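Shared between the two complexes below is subunit A, which has subunit B as its partner in the first and subunit C in the second.
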Partner chain A sequence: MNPLLKALSLYVRWTRRWPVLASVLPFVPVLLLWAIVAEARIFPRAFLPGPIDVVMSFGSLVYKGILPEYLEDSVVRLALGAAAGVALGIPLGVLVGMSARAHRALWPILLFFQAIGDIAWLPILLIWFGFGLTTMTFVIVYTVLFPVVLNTVLGVRSVPIVLHRAAQSLGASRPRILLEVVLPGALPNIVTGLRNGLGYGWRALIAAEMIVGTSGVGFLMFDARRAGSVVEILLGMVVLGLLWYVVDGWMLVPLEKKTVERWGLVAR
Partner chain B sequence: MTRQIRSLRAAIAFLAPLVVLVLLWAAVVQAFEVDPRIFPGVLSVARAGLDSLRDGSLPMHAAASLTRVAVGTALAILISIPLGVAMGVSPAISNFLAPLFRFFSVLAGIAWIPIATLWFGYGFGAITFVIFNAVFFGVTYNTLLGVASIPMPLRHAAASLGAGKWAMLIEVLLPGALPNIVTGIRTGLGFAWRGLIAAEMIATNVGLGYMLFLARDFYRTEVIVFGMIVIGLLWLALDRLLLAPLERATIERWGMVRAA
Partner chain C sequence: MKSLTVRGVSKTYFDPYAGAHVTALHDVSLEVKQGEFVSVVGPSGCGKTTLLNMIAGFIPATSGEILLDDRAVAGPGPDRGVVFQSFALFPWKTVLENVAFGPRMRGLPLPECERLAREYLETVGLAHVAARYPAELSGGMQQRVGVVRALANHPDVLLMDEPFASVDAQTRMTLQEELTRIWLERRPTIVFITHDVEEAVFLANRVVVLSKGRVSRELDIPLARPRAWERLIEDPQFKALSKQVFDLVRAA
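Let's turn to the complex of A and B:
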């Protein structure tokens, strides 16, 4: 117990000095354990390859140019889909949040379509658009759209009515209220919606790539499964995990925090 | 009595837009004579629904899907709450493990489908594993966070009042982490449900996802649309009638710990 405690206290001291370590070091024991289990051949090699095999297949796939190309495909699809989802979602959310009539008419429909879920659309989309980019784009836009809309509505409605009235009595026109009261007030929720939406959208993209399968990281993994190559499946999982870890942890979470700090007062 | 009338009116107000949507759908299909292979009419979807009820295929697929969800979720919750509490007790350990669990909860669900089918073969095992894994990492991570977010003074106070390990667990740690645990279950199930549909399209021969994908092979859009409606209604029922009230009640009852 004692050396363990010592190691832990050393770890705490180090991470305080270099915060980056805190998001790297925890993975070391897991990698070691993985390597030991794989090397000990508890499971057949083809079933559970070690980390070194995965790194080597990473090297060869990068060298062949397959991985960069597929990764680029996936990321571009996600970015385009997310951009479209946000561009549609925020105005729709503001409309539904601002107008009581629109809210009454659209809210149940939004809830229902959100519940159907992205992936359930795949079969009929395949009939409409075939196996291709349109199908995948549709799925991602659909997935990103709903969390953004629902959260924007929540955000718009959370702006206290007092603020509306104050702006109005100071002579603000409707567009100015929208720009200077409603949108800033709703921003923290909008960013949360974007983060949720991307989280779902990214999973939907993987599923769509597996099922529709023309290119992308999901396709890479599923193709590897067909060929029985566990190494490439594991590689795909590591790449996906790392990618999302970086996007979420280094971009979305700070963005959310900054927005809440800057504009979040309204909610309280 | 008036309360009943009011809730009835709320229900009608909620359903009215959906009824309008169905009428619109019927009118559009009628007016433009849409090819049933592109989009089915209301009546043919209703007929497909009745048929699937009569020949027992819908109950069979729905039961298969729900069983998988129930088994996977129950297993995951049983394992992940004790694990999360154990890891969250020490701040140093929970700080150390949090990034790991974040990494895996990010990967959870759909990304495991290929390797799950390789390890467990097509069928019940692989799909239940995907659900288990989506719920497991979400709940463990949230439990860890929940226990870690309990203010130290509360734990010190309980300890100085003579609380043993057991009393500490039952009366401080678990209630304090409960709001987070329930939130974890809700988001985990959200991912698991999507993972379930995707996995069933890929890796089985029974279940709602499979029902949709099979219908696609025969261009039976009425079965597809009916299946989508069933999937939507099931999730709405699960989320709105079970998970959301549970979350609200937990936060109202035990949520003070976080506000403190």
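Let's turn to the complex of A and C:
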């Protein structure tokens, strides 16, 4: 057999047995390439440190307690902002999705403000609220809110009319239909909105921290630039990617597996 | 006694593509007594689904009235159970939760709802899939769930909208036989919409032929029960009745 095919079948078999491998192995060539380019000294070491340098810097920043503290700041900000965004976004989305009147009144406004991106708010927020938590929270809530609202509207409207009718002829009241038909029916879209919202929110937070910054991963990276420490900038980037991987793999994917996939609402 | 009366019902709606008003139903009257099994048969576009949607209360009639005993129908309600062509099971509820939904909405205590749901699932041999989700079942099984979900809510009238049109031919025959068996055991009042002439004759006590939005003919079906395809497929009376209905539908 072709050795390439053999390797591929081996890869498929092993990743099926240990799914963790599937999320780790694709990074091996990327890391290897990075290490080779760095070791070849095509660029000065201070411009492009290798993976080992970044791991060592990770060790020292963790040891000094800076990274854990900053990471915690960022994650707590994101969690609070996202929770507020979701708590506002889902009810608003349900309202706009279910009521034709609310849709007429609010949809144009939603589209208008969606276009004014998170960062575009920063100048005026800095004047209103200054360099602080209020500004950052506003930016995250704002960023999370729109994907959640727009996708919830989409989800609510995608629930087949025949399911509304079935529930009505089984005697369900409007609130019960909302709770037992509309919300679960909209869940696949709500999860999509949540995923987009958290993704955008995470990016917006890092950007806000760079500008507003007193702490957080974004601040760490921007501060490192001031000190000319490329290693710490790279470390910040790696941490951002890894953290998203964890949020997606440990929270969103299991949620989807338990709900929408089991219900047959999306293809497995 | 709960009987269904459809009196002089018409339905006109505006068709934006044709740019004109279209009459889907014209002065339709129908009387269904308690415990009767009535099939409404007609070619596609004859207005049979419109009629069912109005009896169910999903869409309002333009004129005329629909009465359950002497109470006018206004909107959907649990007194009229509906079985849909697309099954319309809740994908996020297990089979048991789907069947228990109606009783739960009526406010029965949960254990009672589940006991009832289990009992009804047993009548169609589906007790073993109670904990599964609808997407994990075959089409035939899903529609069995659809039927018992409506029955478990004890409706005064069971409205069935081409319920077996989207399952394969073998399963369809089994489902038809099961439905006649259930009807014999529990005597629910059934209005069954279909475009399939033999299905209409096989199931019902009375067949109503609908054409171009009007009732063109009503026909009693005096075939003996229990009915089984094995016997009826060669039965001269069944063949003659089917031919008669077939000609009426064709002439429509």
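The rule we apply is simple: the second predicted complex is superposed on the first by the 243 of 268 C-alpha atoms of A that agree within 3 Å, B and C clash if a C-alpha of one lies under 4 Å from a C-alpha of the other, contacts with A are read in each partner's own complex, and residues count from 1 in each chain.
Rule of thumb we're sticking to: contacts are C-beta pairs under 8 Å (C-beta built on N, C-alpha and C of every residue); 3 or more make two chains touch, one makes a residue touch a chain.
Just so you know, these numbers come straight off a predicted model, no measurement behind them.
Once the two complexes are laid over each other on the shared chain, residue contacts for A:34 go to neither subunit B nor subunit C. Which of subunit B and subunit C touches more residues of subunit A is settled by the count: it is B.
In the superposition on chain A, A:187 makes contact with subunit C only, while subunit B stays out of contact range. When the shared chain is aligned, no partner comes close enough to touch A:58: not subunit B, not subunit C. Look at A:165: by the touch rule set out above, it reaches subunit C but stays clear of subunit B. When the shared chain is aligned, subunit B comes close enough to touch A:211, but subunit C does not. Contact with subunit C, but none with subunit B, is seen for A:176 once the two complexes are overlaid on the shared chain. Common to the subunit B and subunit C contact sets on subunit A is no residue at all.
Contact residues on subunit A toward subunit C in their complex (touch as defined above): 160, 162-163, 165-173, 176, 180-181, 184-185, 187, 259, 262-265. On the side of subunit C, the complex with subunit A involves touching residues 56-58, 75-78, 80-82, 84, 86, 88-93, 101-102, 105-106, 133-136, 149-150, 153, 155.
Those residues of subunit B lying in contact with subunit A across their complex are 13-18, 20-21, 37-38, 92-93, 95-100, 102-104, 106-107, 109-115, 117-119, 191, 193-195, 197-198, 201-202, 209, 212-213, 215-216, 219, 221, 224-225, 227-229, 231-233, 235-236, 239-240. Per the touch definition, subunit A reaches subunit B in the complex via residues 8-9, 11-12, 15, 22-23, 25-27, 30, 47, 104-109, 111-113, 115-124, 126-128, 200, 203-204, 206-207, 210-211, 221-222, 224-225, 228, 230, 233-234, 236-237, 240-241, 244-245, 248-249.
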